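Common to both upcoming complexes is chain A, partnered first by chain B, then by chain C.
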Partner chain A sequence: MSETSDILLFQVGLRIFATRVRDAVRIGSVRDVPADSIILDSSLGRPHSRERGIVVATPDEQQERTLVIDEVLGVRTVHEDELRPLPPFAAACLPGGAVTGFVLLDEAPMPLVDLPTVVRQRLARPTPRI
Partner chain B sequence: MAEPSASSRPDAGSSGANAPEVWFFCLRLLGGRYAFEAHLVTEVVRLGPLTRLPAAPSFLPGVFTHRGEVLPVLDIGQLVGQPAVPIRANTRAALVTCGPWKVAVVSEAAEGLVAIPRRLLERAPGESSGVAEFLTAVGRDKQGPVAILDLPRLVEAARARAVPAGGSGS
Partner chain C sequence: MRNPLDLPKKKPARGRRAAPTAKDEPGRLVEALRAMEAGRAPALEPSEMSEPGLRAVAEALLDVSGSVRRRLADADRRVQAVTDGVDEAIEAMVRLVIQGDLSGELRLGVSDAALTPLVAGVAQVMETLKKFVQEIREAALQLSTSSAEVLAAATQNESSTSAQASAIHETTATMEELKGASHQIAENAQMVASIAEQTLAGARQGEGAIKLFMGSMEKVRHNAIEVDDAIAKLSKRVERIGTVVDVIDEIADRSDLLALNAALEGAKAGEAGRGFSIVAAEMRRLAENVMESTKEIKNLITEIREATHAAKEASDGNKREAAEGEKIGGTAITSVSGILSGIQETSDAARVIHLATQQQRTATEQVVQSMSEIEEVTRQAQTGSKQATGAAAELTRLAERLAELVKRFRVE
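Then we have the complex of A and B:
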């Protein structure tokens, strides 16, 4: 029997992404989150709304950050054979590690993203977070 | 007539060393005919729906699945500063393998194998910008002129150009 992984599917703008459930500390409202903990726009795009977020722990930050998203689409348990690696050419062309592979959903590849890396990359950018 | 360059020689392509013609694989791109070594092509496929990648350079418009494998799409037009090749439901791409890189080169149309008489191959003008930077020869067959691309060098250039484009990572 193949191993399984729990995958969280979420939407930012028009795009759908997947992440391993363990990368998300919790999902909640953005309303009461301090402004300096909110990540509004990231390499995943800019959400249409500012209501929901995925709380992400970044080990080197010692602070939780809330990545604003549009919608949580659900959690799926997928078999390892439904996961695909990032093709070498794409890996060589994308900046460091935010996309780690793909989850095949109805044969369509959904980017599997590493949320701590997405947050870390966003924090490294000089522009204001909001 | 100039000697054909390395990629247009039969020992690098699909013809015998003394054959009177050289075989290439031809795509329609950027309003013209572009060809490259035939042995680089494994298959021509119809592009499925593309999944865009966050922070990807413009010449990497997305990925798609083909027989369960996720393949990156390379848009040569975007790489050389030209308009993107339109991607529609019937858009064809050539799956090519250049060293470690396997990519789907998107095209306006896939013409397929073409045989170009060796005597009609000439060295490409030495220009260093746009798609001309990657030309090794120009030739002619019954359909008209065809530009010969050094595809491995083009793919490697794409990879190299993506590194600074990645910048801060988003």
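Then we have the complex of A and C:
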């Protein structure tokens, strides 16, 4: 019997992403979050509904940030062999390390992202005007 | 002429009568008196009387007889003279009358004093006749002048009467035409009155229809107001439902969020949190169902809002149209009232015109009748005028004739 992992599936725009459940502190409502804690625009894209947010902990800053998404699709348990890390060449082509690999769900590959990295990258660049 | 007292001339005795006897002598006297009485000369010879007394009577008788005979002769002479004077006067008068010469004086050779009054009377008659002739001449002249004037006046009158008759004839013909025109006008007025009555009935029906229309418009407006109120209530209910749905949706969203976090925590707990994750997933499914339902409800509410808004717009439109309809109906009823009033006045006027034209027709017929009578009277007057003209002409001729006759008498 192989090892399993739980992943969180969410949607930003038209794209669906997956992340490990440990990267998400909790799921929150955007309207309950202070504005300076919200990350609206990230490398994942620009959400439309802006109602849901994934609360992500940043170890270096010791605080939480809410990454705004469109919808949380749910928590899925997958086998470890369905989690595929990026090939070295692809990892070299995708600098920053936000996308760590793919997860095969129903024979369809889905990007597996590292949310703390996404938040960190977003905080590293200046905040665009909304 | 024989005077009865004219005694016959004494004739010689034819033979010797027998000598009267004394006894017959009174008888002879009586016989002589009878002869005198008969107008004969008494055949008496006084000397033959034997009685002296009778002889004296006889002689006296003879004297009386002679005296009477002489007086009778004188009377005969005087009568003859008077007769001759009268004849002369009559002859002179006849001569004057025949000759017509009244200019001179009547001169008669009558010396008898007894004829003096006759001569004076004849002179007076002549003088009177002269005056008469003069007056008749003047009268004839005036008569001629007057008759000429009468003739001229009669001729003028005849001409005027003819012109009057012609004018009356033309007037009669015109009145006949006027009578026909009056009849036509009366018929037209009656037709106008009938049409006006029909129009009035139609206008009244139109007025009733407009009032019904206004009543319907008022009902429509009231219904629109009620619909508006119902829509407002419905909107409030829908808003209330929306509020409730929002609350439900908020709860479902919170439930979904809680379920998500529960599932997340369950996953983080590993195998120990598996059951928790299953319950959380079920909760999330329920929350999603609720949100799906609330979404449908919201869509329905949105549709209801749109339909309500459209109904409100339609209701407002109905109210506006109803108000506009009432306004137009009011204007129409005002116009129809004016039309009704006008038609009523037209109908009344047409009826009055009809009556007036009927009276006019009757009056025209009476005038035509009167004009016919006047024409007949004028024709008679024309005939009389012609007769008067003829009479005046005849009178003029008679006056001229009288003047001619009077001219025969010379008075100067």
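Throughout what follows, the second predicted complex is superposed on the first by the 127 of 130 C-alpha atoms of A that agree within 3 Å, B and C clash if a C-alpha of one lies under 4 Å from a C-alpha of the other, contacts with A are read in each partner's own complex, and residues count from 1 in each chain.
The working rule: a contact is a pair of C-beta atoms (placed from the backbone, for glycine too) under 8 Å apart; a residue touches a chain by one contact, two chains touch by 3 or more.
All of these numbers come straight from a predicted model, not from anything done at the bench.
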item: Chain A as common anchor, with chain B and chain C clashing or fitting; value: fit
item: First, second, both or neither for A:Leu115, with chain B first and chain C second; value: neither
item: Per-residue contact with chain A, leading partner among chain C and chain B; value: B
item: After the two structures are overlaid on chain A, angle v-u-w for chain B, chain A, chain C in degrees (C-alpha centres, nearest 10); value: 100
item: First (chain B), second (chain C), both or neither touched by A:Leu8; value: second
item: Contacts of A:Thr77 with chain B and chain C, given as first, second, both or neither; value: second
item: Partner chain(s) touched by A:Ile39 [first = chain B, second = chain C, both, neither]; value: neither
item: Touched partner set for A:Ala92, first chain B, second chain C, both or neither; value: first
item: Touched partner set for A:Arg26, first chain B, second chain C, both or neither; value: second
item: Chain B versus chain C - smallest C-alpha distance in the overlay, whole Å; value: 24
item: Chain A positions touched by chain B in one structure and by chain C in the second; value: none
item: Partner chain A, residues of chain B touching it in the complex; value: 48-49, 51-57, 60, 63-65, 68-72, 74, 100-103, 155, 158-159, 162, 165-170
item: Interface residues, chain A side, partner chain C - complex; value: 6, 8, 21-22, 24, 26-29, 51-52, 72, 74-75, 77
item: Touch list for chain C against partner chain A, complex; value: 253-254, 257, 260-261, 263-268, 277, 281, 284
item: Chain A - residues contacting chain B, complex; value: 15, 17, 42-45, 84-90, 92-96, 98-99, 102, 104, 107-111, 113, 118, 121-122, 124-126
